[in-house]
Amino acid sequence: MIKLVSLVITATALGLIAHSAVAQKTTVTVATFPDLDRAAKAAVPRWNALHPNVEIKIVSLQYSDHHTAMTTALATGSGLPDVMAVDLRFMGKFAEAGGFEDLLKPPFNAALLREKFVSYTIPQATNTKGELVAMPTDIGPGTLLYRKDIIEKASVTEAELTKSWESYIDAGKKIKEKTGAYLLADAADIRDIVIRSGVKDGEGLYFDRSGRVLVDSPRFERAFELGHKARQAGIDAKVVAWTNEWSTGFKQNRIATQMMGAWLAGHLKNWLAPDTTGLWRAAGLPGGTYASYGGSFYAIPKKAQHKTEAWQFIQFMTVNKETQLESLRVLDSFPALAEAHSAPMMDEPLPFLGGQKARALWRDIAARVPAIPINKYDAMATDIIRDEFENVVAKGKPVKTALADARALIERRSRR
Amino acid sequence: MNTPARRRKWKQRDIAPYLFIAPFFVLFLVFGVFPLGFSVWLSLHQWEPAAGMSAMRWVGLDNYMFALTDPWFHRSLWNTLWFAVVSGLPQHLVALPLAYFIQSRLKRSRNLVVGAYFIPYITSSVAIALIFATLYSKDYGVINALLQALHLPGDIDWLGDASYTKPAVAFVVFWRYLGWNIVLYLSALQIVDNDLYEAATLDDVSFWQQFWHITLPLLRPMIFFAVTLTLIGNLQLFEEPFILVDAEKGVAPSVMTSAIFMYRLAFSDGDFGTASAVSWILFLIIAALTWVNSRLFKRAEDHDVSR
Amino acid sequence: MSRAERPDTARYIAYALVAAGALLLVSPFYFTFVFATHTRSAIFDTPPPLWFGSAVLGNYDMLLERLPFWRNFGMSVYVAVMTTTLNLLLCSMGGYAFAVYEFRFKRALFALVLASMMLPAFLNMIPSFMVMQFLGWIDEPRALYVPGAAGALGIFLMRQYISSGIPKELIDAARMDACGEFRIFWSVVLPLTGPALGTLGLITFINSWNNFIAPLIVMRSAENYTLPLALRSMQSPNNTEWGTLMVGSAIAMLPLLIAFFFCARRLVAGLTAGAVRG
């Protein structure tokens, strides 16, 4: 009883404090997009308990709408939020543009915080002037998810899938022959990973430091040839990710493997193919490749209103272990904070993957993903490479010609 | 006594039209002129907008030269014109007689039938993308299943094979705007003398002759309006190809219209200057075609009168 | 006998064709409602569900959890009603002027009206934002209905309709009766434009209802989003609650359906115009 009374009193007192604080309450606007907005929404109650005077206003828009709105805001220097979420795809453009605070400078002094993150994320958030313009919040360590039941039926082993790209494709032929299932959804997936393997130090994906176009290098030739080979062998289902055909392919056991960010396992479990629980396993990408899929960041615009509070909130979202693990729990988004990787949760067996302790595998992958510098023309180069690849696989255009054309198109657009 | 009154009225009649059209022009001055001027200015600059206003760099006519010599732009123009004709023309060839049929032959079921044709126009684009992806699916789609039932080749990858993607998208455009044109023509048919239909029902031979010789000429202003709208709309075609064919798909370039090209320039390449230049080139093309269209209508009208 | 039968058969075939066409047209609309009652996993099944399911309440609950849905709905209604009312008045005025008066610069001014329809809108985002910022209209609903209050399309439509449907003698007769110019427009011409007003009202309402670019430019808080923007904000490249999205889309289509049947009545109301003429 006494306990209850004291509780009530405390509650009232807290209410009074909160009430008296209303006058000086600050509102921090966080502009974001789904699913990242859910991580922020989930963290708000704990934030409010710690910072009763700082209210968080979350403004969420569809992925491309958000980045369009932010482009407009940065262009005109007005209507900017205090905290801006930025997807990796837009980091190249936004980081170079100069609209964000350099977090290495006071009062932010994030130099020491850099050590706390999975190492490849920091170069992604650093521009050519050496400024750290954003803090990483989640990552997507690249993994090969495969159907254990299907490959066993075809007497293929995990080692055959991952040893090299050639053996991955050969395994696919066996799987197709014995089970009728496709090895993968889209041959373009192979291309996307192979261009990421063996990137030389200091080189970007499509450009080197001096902006020279790299798309006719052996790395791209090999990627195109392997992708083409898979298409010719008839082992890809020719379906694009996130379509109903893709989801159906998984549900009807017609697709045996999928390369994607580790978070895909969560989506498979929740809705893409919930009935396939226990049948999937995770492995590293074929050919000993380490790559990552996407990633999200938080930045502070130079024209933000409440930078101190914004910085507090960003730290709360990114370097707070509890918040990072909460996002993993709620959204299956993989923490960018290395410290969170030692939590017991990371070693839990995942029932969807037949009890495999896959997070530990993904943690190791994350630690080995090379840091690839970004370029503001990356998105454009991606489009052109995709189109030329289609010319190769659908129209039989020779790989060398396609890559030479891609190079010409990219140079034409980037050297202006 | 009479004169001042007449003069007053004469004056009022002189000013009235300007007052009637003033709202449009006032709003245009406030909300339209600055964006247009800005876009002209922008088309003469190289600009990555995320870098702010200070990052604009004067390049003169370079953006126009770049666009006019760009292979992708040529391709997008070809796609746009293709869509304008293939998805635009049938809309009117079907809508006109259908509206006439509905107007003259349907009584009680009229609103229901018109409603059915109009429904695609109000169906949300999310639903359209999702449902047509299902209908067009290669392995599981209804369309291929139907083809197979008719012993036709039924393994077409409608949205994944470049030779079928364009017609597949054009059909959706046709589907979506047919009802809209029917409504336009129906509203115009209301002023065509009602006795016509009663006379027409007496003799079925003359039914379509009535349509051809009497109704059609009377509908000319509305046909001009509807065709102009289709022309303008189709030359700016963006939504249907954009939602039906994922930009990540290899076949996306086969349905890349000029509007999509512009979008890619602006938001993927971060090249707003060239995107603006393209929008002005496109504007000139649309204006020219609209002018030609209005000439054609004008000539047909003169021809009729002289007859 | 045979002469009487043949048109009958032809007529039935025509009816059948019209009905089959209508069925094809309606199916995506129908599936929006069917999908609204299924989980996203079921929607992505093959074949997709053809009949209603039982997940509608769960979907609806999640919709309310993710969005201030009815507030967004109200905002959409408000903006669409304001836009439509303003357009009906201002466009019929403008179209009337271009149809019946002769005045200086008429051709040039009308060409300008037409030209304003030919400019692609989405590149105007940045300058439009600047204008709204300058006026202090950011996050204000009026930024959505004032700029388009006298749309070019509406002026064009009304001009075409009035010039073909309203006899000039009628206006001259009214002038003889010493009616003021606005009076002629308001009491003589406007009542005869029923079908065109119905069409214009419908187009304007639908365009305003579906527009998401304008709200994307000006709206800065989730409570002020209109429906299309709000529904889009639930879409993620790789994790969209399709069932929830479909419930929202289905509800969002209902006002358009009501608007249609409301306006469809206008489409016949114009029969009086013919009567006057005869």
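Each chain gets a letter, A, B and C, in the order it is written, and its residues are counted from 1.
Convention: contacts are C-beta pairs under 8 Å (C-beta built on N, C-alpha and C of every residue); 3 or more make two chains touch, one makes a residue touch a chain.
Please read these numbers as outputs of a predicted model, since none were measured by experiment.
Asker: When you check each chain against subunit A and subunit B, which touch both of them?
Answerer: C
Asker: Where the centre means the average of the CA atoms, what chain is farthest from subunit C?
Answerer: Farthest by centroid: A.
Asker: Please tell me the distance, in whole Å, between the geometric centres of subunit A and subunit C computed from their C-alpha atoms.
Answerer: The computed centroid separation for subunit A versus subunit C comes out at 39 Å.
Asker: Centroid of subunit B to centroid of subunit C, CA atoms only: how many Å?
Answerer: Roughly 15 Å separates the two chain centres.
Asker: Which parts of subunit C, given as residue numbers and ranges, touch two or more other chains?
Answerer: 43, 46, 48, 126, 130, 235
Asker: For subunit B, jot down the residues that touch at least 2 other chains.
Answerer: Residues 49, 130, 134, 137, 140.
Asker: Residues of subunit A touching 2+ other chains?
Answerer: Only 68, 72, 75-76, 241, 244-245, 248 qualify.
Asker: State the interface residues of subunit B toward subunit A in the complex, per the touch definition above.
Answerer: It is residues 46, 48-53, 55, 62, 66, 70-72, 130, 133-134, 137-140, 157, 160-162, 246-253, 264, 267-271 of subunit B that touch subunit A.
Asker: Looking at the complex, which residues from subunit A come into contact with subunit C?
Answerer: 33-35, 57-63, 65, 68-69, 72, 75-76, 78-79, 241-242, 244-245, 247-248, 251-252, 267, 271-272, 274
Asker: For the complex, which residues does subunit C have touching subunit B?
Answerer: Of all residues in subunit C, those touching subunit B are 7, 10-11, 14, 18, 21-29, 31-32, 35, 43, 46-48, 90-91, 93-94, 96-98, 101, 103, 106, 109, 112-120, 122-124, 126-128, 130-131, 146-150, 152-153, 155-157, 160-161, 163-165, 175, 178, 180-182, 185, 194-196, 198-199, 202, 206, 210, 231, 235, 242, 245-246, 249, 252-253, 256-257, 260-261, 264-265, 267-268, 270-271, 273-275, 277-278.
Asker: For the complex, give me every residue of subunit A touching subunit B.
Answerer: Touch list, subunit A to subunit B: 64, 67-68, 70-72, 74-77, 93-94, 96-99, 188, 238-241, 243-245, 248, 376-377, 379-380, 383, 386-387, 389-390, 393-394, 409, 412-413, 416.
Asker: Show which residues of subunit C lie in contact with subunit A when the two form their complex.
Answerer: The contact residues of subunit C facing subunit A are 39-41, 43-46, 48, 125-126, 129-130, 133, 138, 212, 216-217, 220-222, 229, 232-240.
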